[in-house]
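Labels for the chains are A, B and C, by order of writing; each one numbers its residues from 1.
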Amino acid sequence: MAPRYAPSLRYRLAPLLLLLQLGFIIIFAFFAEIQSKADVDGEPVSNIYPEFQDVNAMAILGFGFLCTFLVRYSFSASAFNLLVAVIATQLALILNGIEYHRGKIMLDLRSLVEAEMCTASVLISIGAVLGKTNPVQLILISLLEVSGFILNKWVLQILLKGHLMDRIMALHIFGAFFGFMLTWILYRKGSEQRFEKEKFDKKTGLFSMLGTMFLWMFWPSFNSVLVDDGRKLGAMYSTYLALAVSAVTAAAVSVLSSPKGKLNLIHMQSCILAGGVAVGVSTSVIHQPWEAMTIGFAAAVVSTIGHRYLKMHMLLAFQCHDTCAVLSTHGLPGLLGWLAHLLLQIKDCDDHTMAIQFAVFHICSLLITITLSLSMGTITGLLLKVNLWRPTQDKKCFDDQAFWEFPHLAALK
Amino acid sequence: MAPRYAPSLRYRLAPLLLLLQLGFIIIFAFFAEIQSKADVDGEPVSNIYPEFQDVNAMAILGFGFLCTFLVRYSFSASAFNLLVAVIATQLALILNGIEYHRGKIMLDLRSLVEAEMCTASVLISIGAVLGKTNPVQLILISLLEVSGFILNKWVLQILLKGHLMDRIMALHIFGAFFGFMLTWILYRKGSEQRFEKEKFDKKTGLFSMLGTMFLWMFWPSFNSVLVDDGRKLGAMYSTYLALAVSAVTAAAVSVLSSPKGKLNLIHMQSCILAGGVAVGVSTSVIHQPWEAMTIGFAAAVVSTIGHRYLKMHMLLAFQCHDTCAVLSTHGLPGLLGWLAHLLLQIKDCDDHTMAIQFAVFHICSLLITITLSLSMGTITGLLLKVNLWRPTQDKKCFDDQAFWEFPHLAALK
Amino acid sequence: MAPRYAPSLRYRLAPLLLLLQLGFIIIFAFFAEIQSKADVDGEPVSNIYPEFQDVNAMAILGFGFLCTFLVRYSFSASAFNLLVAVIATQLALILNGIEYHRGKIMLDLRSLVEAEMCTASVLISIGAVLGKTNPVQLILISLLEVSGFILNKWVLQILLKGHLMDRIMALHIFGAFFGFMLTWILYRKGSEQRFEKEKFDKKTGLFSMLGTMFLWMFWPSFNSVLVDDGRKLGAMYSTYLALAVSAVTAAAVSVLSSPKGKLNLIHMQSCILAGGVAVGVSTSVIHQPWEAMTIGFAAAVVSTIGHRYLKMHMLLAFQCHDTCAVLSTHGLPGLLGWLAHLLLQIKDCDDHTMAIQFAVFHICSLLITITLSLSMGTITGLLLKVNLWRPTQDKKCFDDQAFWEFPHLAALK
């Protein structure tokens, strides 16, 4: 039986992709310029290319394989992740060009890395709706979210003159709340009784572990790649230590909070990353290793508890079905990092007035980010509900078969 | 029942490997020299070691896991890939030494990378006969093809004074046509009705996706590692953009050309790489990002259509069974890159005479490469047909059991 | 039925982890200092960060996935590996700080890499008891072994003034003998008839292959990262060549020694690394490529034969059940590297007295290392036998279910 919505990919996905791609090529043809000077601001290329590749590996392999755990949705998870990533990166290059360079799209390693960071916020969000959207919807999400995130960066710069790093690292909070709103609006009746296919098996769990490992290993590059040379190594060590502490703490809290006193695989895959998120958000004010480690400790506690209780609570009480629990993985640690940033900065201020001024600015920047992400999430969610995109039927959720042809699949599973 | 050809590995593979390896050691003992000076031509080591490792990861992990998709042939695919890679690299180091350094085998990062590029052409070719050859045959292929490829580089240099990069990047065309010829000569009757074991399952498909991701991510390093410093970053960005465009385009064309309007996994694994191939072949004349993106677009279209129609057509009409469809993955995009090179170079010529001269040279270099690859492929194919190597029986094709002992394999699946 | 030892994780693992982690944070708060100067000894950061990430990938991905081959123990293998790695690294940072910097924990890339090398010796040892210990025991092992290994480094420095590289590269010998002793003391009756669950399947075998590939690829970084700039590239090439030779030789010997003349997957996963081990131990005296290649050849022969015969012999004759055969993978090649070091150094000595003096020193350093590793292994083994840690029951060995909760595991395997 041919599924009813089968044509949707042909008549919607293919034209959308082709139009977008041709549009991007035309825009690049008129506005893009290669910054081929090896030394940008006296920094030789070798300093940043390996880190660019680390960030690249996180975006493509890390996020791509982290989401393969669903037993029947692994191909879609990894391939759509790639598709979303390349579209979001191209759009982010263009929009960042408009923001910084007066309409010129400058291509250098820094601009590529910055574009991939905007992409990361999209990859976080789509974790919340993993398995419940079709690729057309995913591409719309990526277009709207990249625009929203860059708008947010721009607003923060205009209104509050925030540091570049702080504005970019808002990606965790932005992505998490965007995804949260999205999945709340796209709620499907019956999600309380878990979907039949929303399961993992031992092998897909291992693929997911592989993705986690890539994220975990390369997070120090992610947090330090855009930091100035003097503080770059500090950011790297801080992130490394915070991640190490997170791994230990997540295991401990997972066991403590388990009714049977056992470890939970999802916690060992998501919560061990919490330290990287939190330190990333507060990286510009961390000066001591123990600060990073304490933040990593707290982030892992918050994240694991969020995974254990918040996810289920949100589903039952708020009808918000967050497949990858991005709110607990990126949202709560991100907020904690924000708080740590506030406290550490105030501690460093000699002056009362400056401290208060900073606090007001910092709180405003959070409020702006959350407001923008929630409102962009709402707009996107409402747009995606339109029947035009042929949303996946409930019984076809979490299933590769809706999108892939398998001519030569072995019969044995 | 002990399979009849079981002894072949012991009496053929083991002596061949040992003899080859001892021979290589002796040659290295007399002729190899470490170029331990950190700065070769004023270029510090740090500039190229990370990229060397990226190329290494492509050869070992990328190609190795890309070929694991066959459900019963994953161990052989990844392990034989490694075996072929290390033998081909050692031979390429020796032959490149003869070519460039008057019989001295110089060991530095550039010579290692160059040897791995020669190896890449072998790894491409063996994709065409994947599952249908035994390891002895694979090693013979690697010896003959490396020799052929280096002969080709040498002929191009002597006759046409081609650029090093252009001569090396002919590897895609050389490898594809070599593999094509090989699999045509080694055709097995009955291939039209797909072999029973020539299938993938969901987990091996994911391993294959992993290999693809490594190739996709690190391709910018592959295309730029040997480029001079001034143009290195440009080659990197071009490749990155071309790959991004390829991914989007391959998805679109795959859906458009599918009878059911669905995506095809093989296309999302092979055709997203087409942009990297095409830009690699034409990298020395690409100056604008949009040129790279357009080439990536065209390459993905050609490659996906090739996968959809050409592979089956070649099997039924020409009796050529190309397991990994290397002709569509590397051959057609390579030719397209060659064409783009020609057009872009002519566009840049101010002078009519120079343009014609270049065109003649460029066409000659293609003809030489194709002729040499087809004739070396023919020679190799005929040699492999000799019964001495005990070719794998038809019913043991695509099966690990012919080559591996499994004493403690779990009974379940 | 709730397993009887289920509570052990909650009441033992969680408090242990939390106490350790909080303790580490407090120690770091008082003694750690970031060495944020980019140039340590005139060496720019870019020279070593990519290699640090390679070593990191080996520790986390390489060792983690190498051990996933057991069909029901993959989650534990990869996750416990991470847990042990981060705890061992933090402890090693602290103890190295006490050793070198008079109580100051200096954080820079070199100290991180050195800490990860100490960690590597633990990751080797736990391969010997893979599947037969609970996480509490693994953490005790990591604490005791890191202390033992750093004690060994310190003793070698005080007594024999050994080179830093030689002292660190003793990690293979130290780890292998420590693990050997450990598994001998923790012997479980009935191990002669292989445990029911001590098996691999085709997919876990591939994950294991993935881990191997990461180790194999990045081994040149592992052996060269701490070497001084002038000799760094030489160490890299030597390791690369030795690994290439090992891969070829291991395949040949595996086929030769197989009753059916077939390849063995375990050999292709462990023995291809033997060259890296042996060259690592002798790296400071290797000046010619052929020396490295010959060492790689001999190491692969020894390691493969060890795998084929020694493992079974040790189990039946000595009642020592070494799950990953670390004695053959790291122990024998390590000893061979030690011997090669001795012979090459003596060959280079002009003077008889100096040669004898070196030989005495070199033999003493081996004896010290083995004595310390065996005695620390004995102490650790005896400590682990205490019932307090609730050792895993025999029938729950090699089984994830003892440690993990699986709420949403798909029923289909």
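We adopt the following convention: contacts are C-beta pairs under 8 Å (C-beta built on N, C-alpha and C of every residue); 3 or more make two chains touch, one makes a residue touch a chain.
Owing to the predicted nature of the structure, the values given are computational and were not obtained by experimental measurement.
Remark: rotation between subunit B and subunit C after Cα superposition is 120° (nearest 5). Under half of the residue numbers at the interface between copies subunit A and subunit C are found on both sides, making the touching surfaces mostly different. Between subunit A and subunit C the centroid-to-centroid distance comes to 34 Å (mean Cα coordinates, whole Å). Residue numbers of subunit A whose C-beta contacts span two or more other chains: 44, 46, 50, 203, 210, 413.
Per the touch definition, subunit A reaches subunit B in the complex via residues 2, 6-11, 13-15, 17-18, 20-22, 24-26, 28-29, 32, 34-36, 38, 44-46, 49-50, 53, 56-57, 60-61, 64-65, 68, 72, 74-75, 78-79, 82-83, 86-87, 89-90, 107-109, 112, 135, 203-204, 207, 210, 400, 403-410, 412-413.
Residues 44, 46-47, 50-51, 54, 71, 194, 198-203, 205-206, 209-210, 213-214, 216-218, 221, 229-234, 236-237, 240-241, 243-245, 247-249, 251-253, 255-256, 258, 260-265, 268, 272, 287-290, 293-294, 297, 413 of subunit C touch subunit B in their complex.
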